[in-house]
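Consider the two complexes below, in which chain A is the common component and chain B and chain C are the respective partners.
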Partner chain A sequence: MDKLVQFGRSLMQPLLAVIVGLAAGAIAIVIVGGSVMETYAEMWKGAFGSFYFLTNTLSRATPIILIGLGVALAFRAGFFNMGSEGQMVLGALSAAVTAIYLPGSGLVKLIAAIIAGIIAGGIWSAFAGWLDARFRMNLLITTLLLNYIATLFAGYMVSYPLKDRTGSAAMAQTVMLDQSVWLPKLFKGMSLHAGFILAVVGAILLFLFMRYTVKGYEIRMLGGNPLFASYGGVQRGKMMLISMFVSGGFAGLAGSVEVLGTQYRYLDGALTSPGYAWSGIMATLLAGSHPLGTAVAAILLAALQTGGMGMERNTEVPLEVSSIIQAVLILFVSAKFTYSFIKRKKARS
Partner chain B sequence: MLLQMDSITKSYGSVTANSQVQFSLNRGEIHALVGENGAGKTTLMRILYGMESPTSGEILLDGKAVSFASPADAIKHRIGMVHQHFMLFPTFTIAENIVIGREPSKGIGFDRKAAAAETERIGKLYGMPVDPWKKVADCSLGMQQRVEILKVLYQGAEVIILDEPTGVLTPLEVKELLVAIKGLAAQGKSFVLISHKLQEIMEVADRVTVLRDGKVTGTVDAKDTNAEDLSRLMVGRDLIHISRNEASRGKKVLEVAGLSIKGAKTKPVLTNISLHVDEGEIVGIAGISGNGQSELIQAISGLMKTDHGVIKLLGQDVTGASVGSIRERGLAHIPEDRYQWGVAKDATVTENGLMGHTDRHQKLGILNGSGIRGMVSEWVSRFGIKTGSLSTKAQFLSGGNLQKLIVARELAQHTPFLIAAEPTRGVDVGAMEIIHGELLKKRDEKGAILLISSELTEILKLSDRILIMYEGQIVGELDAESATEEQISLLMAGGKAVG
Partner chain C sequence: MDFLLDASLFASTLRMVTPILLAALGGAICARVGLFNVGLEGLILIGAFSAIVGNHFTGNVLAAVLIAVLCSLLFSIIFGYMSIHLKANVIVVGIALNFLALGLTTFSLRAIFDVKGAYYNKDMVGLPKWDIPLLKDIPWLGDVLSGHSPLVYLSILLVIGLQYFLFKTVTGFRLLASGENPTAARSLGIKVSRIQYGAVLICGVLCGLAGAQLSLGNVTMFTEGMTSGRGFIALVATMLGQSNPIGVMASSMLFGFMDALSIRLQGFALPTHFTMMLPYIVTIIAMLFFKDKGYIQEARKSNESSR
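Moving on, here comes the complex of A and B:
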């Protein structure tokens, strides 16, 4: 009974944020002269209205879930990993390069590409962790700034050395991957690919790991009170490198499955302009770093985005309304986030 | 009657923290409020200070019913509170800390001189002189306490609530504080004094109200009672007097030789510390807090790097080893500051109890949930830890109950060596009895214990040998049998040993 009440309470805040977000959206719809009910109905249809739209939403949610999981792990350990975007991009680029240049059968290349993506994202993230452990550089800032290095580096790579010169279009992208290394689609003619399964399995595994293993326990205690953890014999530096590596690994995996399951090449800007990384961070914050909650929140955010597109197609209301809803969500969530950040700072000093 | 709290009841869901509590305060009276941890003292005072509202019952001030929505409200009604943990800005001067919220102004600017003059004036008026220009960070804890009280007086308080005011003070500072409180009461200020220290209460209080399990078990005039009677009212039974067995020392467990830590400031933190703790003995370290005890503990347990010297545990060199490996070799550690080191507040009772026990309750890295819960629930019943359930967050436990959980956790490591730093700080007499009993039992079972405490009575009661620390050095060693409180106090204050 107590547990149920507690569970209900933990859902209160995100639900409230969503409701207020929708209310703010309703005001915006009225201002642009649309009908609230009709617009939201279109939005719902655009996100979940048919099997096609549903799988479309889930496919958009896939990278968001994976990124959210990585961020959730780092948050739980007490580290603010804001570098998902760069980690995802490097993961995607590494996966693409591996899939293109590695000899071997399709399956070998596929698995190697996924692993390469995870390692690339992980190393980029652990690098920021190392800078913190070794030189006391603030993780929040290093992870954020390393994003620029990663995305611009990847942009350069596909604009010059790795540029696809086969087609006529002068896009900054690699060549198309061989069909044998593509992640299989889950349903014929739908965009949803096997990466979604990886994301769901990842969410469940992370949940079990955090809850039932010794290392998960140590990570949670490290996040709860770093001094308590070190007093109990948990090695902060080592734990930080490991959790940052895994955190970045999830982002790298997100990039890999996008390349192997959706784009079939690394296309500059294809991962950054939809804002997957920031949606992933938002999903984590919305769910209070709970792995399963993060997955649900990621699907919700993806639905807002795909629903927004549906709304724009079928009503006079512009796409920006769904951005307004998201913006209000961020506002609410970041209020809570800032509050707990200040609380942590206080506790530390 | 100045203040009356009539039939106050406060419940949180199914838990009743206060039940039909009657409490009154006369002008110029010092009224002590005592009870075990979790008996409801703090809740009652939070209600009086406007931090909580009662479920039922009312507060009468000068005969008129009042209700406070916030501490600011309470302050307006001339009720002030000095919290157990000081709430001062260390980088500001004493005067700035005192006038905060109602600063004297010159035009639109802050009039520092007027603030200092005002601070000096009230300090003199109330017999607690302070240097208004001194930074709080440079003040002793006793001085900070004084600043807190002056701040409340500056805000115009007539009723002052003191929550465990002597917990962190040195014996001399305690005496000064008690004199100051008596002086203020003689000037017509009224005090509610929350304390575990029955001797101090007997010294200053006019009346004593005892709470047990949220109910008043008695309000008595201090002159008609004594410490034994009060503890009986608090615990509900007679206390057992613990007797110490003859020490039977064995081989050396901990050896520290020539340990020094330079520290960031000009003065070294630890200078050439050498000590040993043997099987079956408790070595007490007495000293005013801040004389290097914290650093010594952290160095031994691997939390702080050392510059010189060797630390050996069971004959093995552990200097510079990691906390985990030192713990594995046989160290358990009751930390001095439970909130800073001892727990993660957002984690549950079970999770906090698990720290250091993970190796015993895992298989291939997977935790054995039922085994862990069994272990922790056994502690809960043996130590009488008051908690809603095993999945209650640690932050909802009272300080004393949290301390019991930490003590239980560390004792359950069954290590040959234990550091017990302030093991009973802020803990009630019943729990203190249990903790002292357990420490002595461990000693009788050939355990080696290094006890660090700022409570002289605790040091004298438990130790076989006593070392005194002053400014990062060990300035004296006394045999517990012959040591007196005077001898130790003198050494603690930097005096030389006599005889």
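Moving on, here comes the complex of A and C:
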């Protein structure tokens, strides 16, 4: 019973934030002169209204979940990894290159491409971790800077050496991947692909890992109290490299499944402009770095985004209402510490 | 090298660096009181947008700049309230504010001007260009230093002013003390949270000016997300300069110079991607040599983690 109450209380905060977020969105809708109920109904329809829209939302959620998981792991270890964007882009590029140039059967290429994506993202992320562990360069800053370098590098690769010269379109993109390496779709005619299953399995595995393994405990300890962790014999530098590698690996995987399951090629800007990386970070913040919660929050954010698109198609209300809702959501969840703070104050008096 | 490093290169450095410098000064003040402000990007964006709004409705540049400052100020109050009063994690609040700024500006762009992407109106007046009387007649120096917007000169004055304020005045020492060791400062009777609020508000003003320079100084228009990472670069400049106004100016200048140089280098056969990478790579290398000492620890002291 106690556990149930505790669980309910932990749900209260996000729920409250959702309500406040929707209220803020309602104000915005009223300002542009739309009808609140009608607009939200359109939004709901755009996100979950039919099986097609539902799968659409879930396929948009796929990279967000994976990135969120990676960021959650890093957050739990006490590292602010802001470099998911660069890690994702490099992962996507490596996956595309592997799938195009590696000889072998479709399945071998597919698995190799996914692994290549994970390794590329992981190494890029671990590089930032290494800079911090070895030279004490602030991780938050280096990961941000490495984002720009990674996206520009990937942009160069697909504009010059790897550019698709077969088609007439002058887009900066690689050639189309062979159909044999495509990630299978889960339902015929729907955009949802097998990457979603990878994301869900990843969330469950990460949850179990953090909860029940020694390494997971060490990571949580490092994030919770670095001094205690170092007394306990946890080596910060080594843990940093490992957790940053895994964190970046998740981001790389996100890029790979996007390339192998949705785009079927690396197209410059296709991963950065929808803001998957920042959405992933938002999902993590919303869920307080809980792996399963991150997955749920990612689906919620994806629903807000696809719902916003549906809303824009059918009403006069602009898409940006959904980004306002998202931002207010985060802002209110970040005040989580508040409530415990108020409680502490009350207890003292 | 003559054709590469001429006066106009340095002049454009100065022009491009001003928004970054102003915001970085704001970030430095915040860092000095132990608040690591990741929300600079959002604050600049709000400033840039409200400057355009002010310009559109009043047609007066001064009023536009004031409105920009006011709106950024309001926004920074949210940051202060969340992070000082409610004790939320500053980095999380900063990130959330960036999102809110991006969402609000694109939304208001649709709601107020009914356009998507960018707003441009040829009737809008940009910031005036000031020719400094004596200076502009000096051959090379005049080309570099003269003919900028007032905010460019203001930013340089602010560097000197802030340096003096932080290290030579009593209030400045109190500010440093409340960042260095909040508990000790409190026991001396310094109102730490009031000083923190003050710092956040100064940061808001500076970011508003930065935004105004961005949307009214360099160009006279607003585009969605036009800060494009400048706030984060300002954050880097804050850190590289070790939250020291003069150091912050030096590191912003380094970045601005590399930025201007990279645009210049595009005229050569180099691929643009690599020239655009240059500022970021140089910054990472510079970080190797100028490691921040105090302020990360300060930030860590007042907030469980800074990363």
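Note that in this section the second predicted complex is superposed on the first by the 331 of 349 C-alpha atoms of A that agree within 3 Å, B and C clash if a C-alpha of one lies under 4 Å from a C-alpha of the other, contacts with A are read in each partner's own complex, and residues count from 1 in each chain.
The working rule: a contact is a pair of C-beta atoms (placed from the backbone, for glycine too) under 8 Å apart; a residue touches a chain by one contact, two chains touch by 3 or more.
All of these numbers come straight from a predicted model, not from anything done at the bench.
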Partner chain in contact with A:Tyr231 - chain B first, chain C second, else both or neither: first
Chain B versus chain C as contact partner of A:Met221, first or second or both or neither: first
Contacts of A:Phe51 with chain B and chain C, given as first, second, both or neither: neither
Contact breadth on chain A, by residue count: chain C or chain B: C
First (chain B), second (chain C), both or neither touched by A:Tyr212: first
Partner chain in contact with A:Phe187 - chain B first, chain C second, else both or neither: neither
Which superposed partner A:Gly78 touches (first chain B, second chain C, both, neither): second
Residues of chain A at both interfaces, chain B in one complex, chain C in the other: none
Chain C - residues contacting chain A, complex: 38, 78, 82, 86-89, 91-93, 95-97, 99-100, 102-104, 106-107, 110-111, 116, 229, 232, 235-236, 239, 271, 273-274, 276-277, 280-281, 283-284, 287-288, 291-292, 296, 305-307
Residues of chain A defined as touching chain C within the complex: 28, 31-32, 78-80, 131-132, 135-142, 144-146, 148-149, 152-153, 155-156, 159-160, 223, 278, 281-282, 285, 318, 320-321, 323-324, 326-328, 330-331, 334-338, 341
Chain B contact footprint on chain A (complex, rising order): 2-3, 212-215, 217-218, 220-221, 224-225, 227-235, 347
Chain B to chain A touching residues, read off their complex: 301, 303, 322-324, 327-328, 333, 335, 340-347, 351, 354-356, 358, 362, 365-367, 369, 388-389, 391
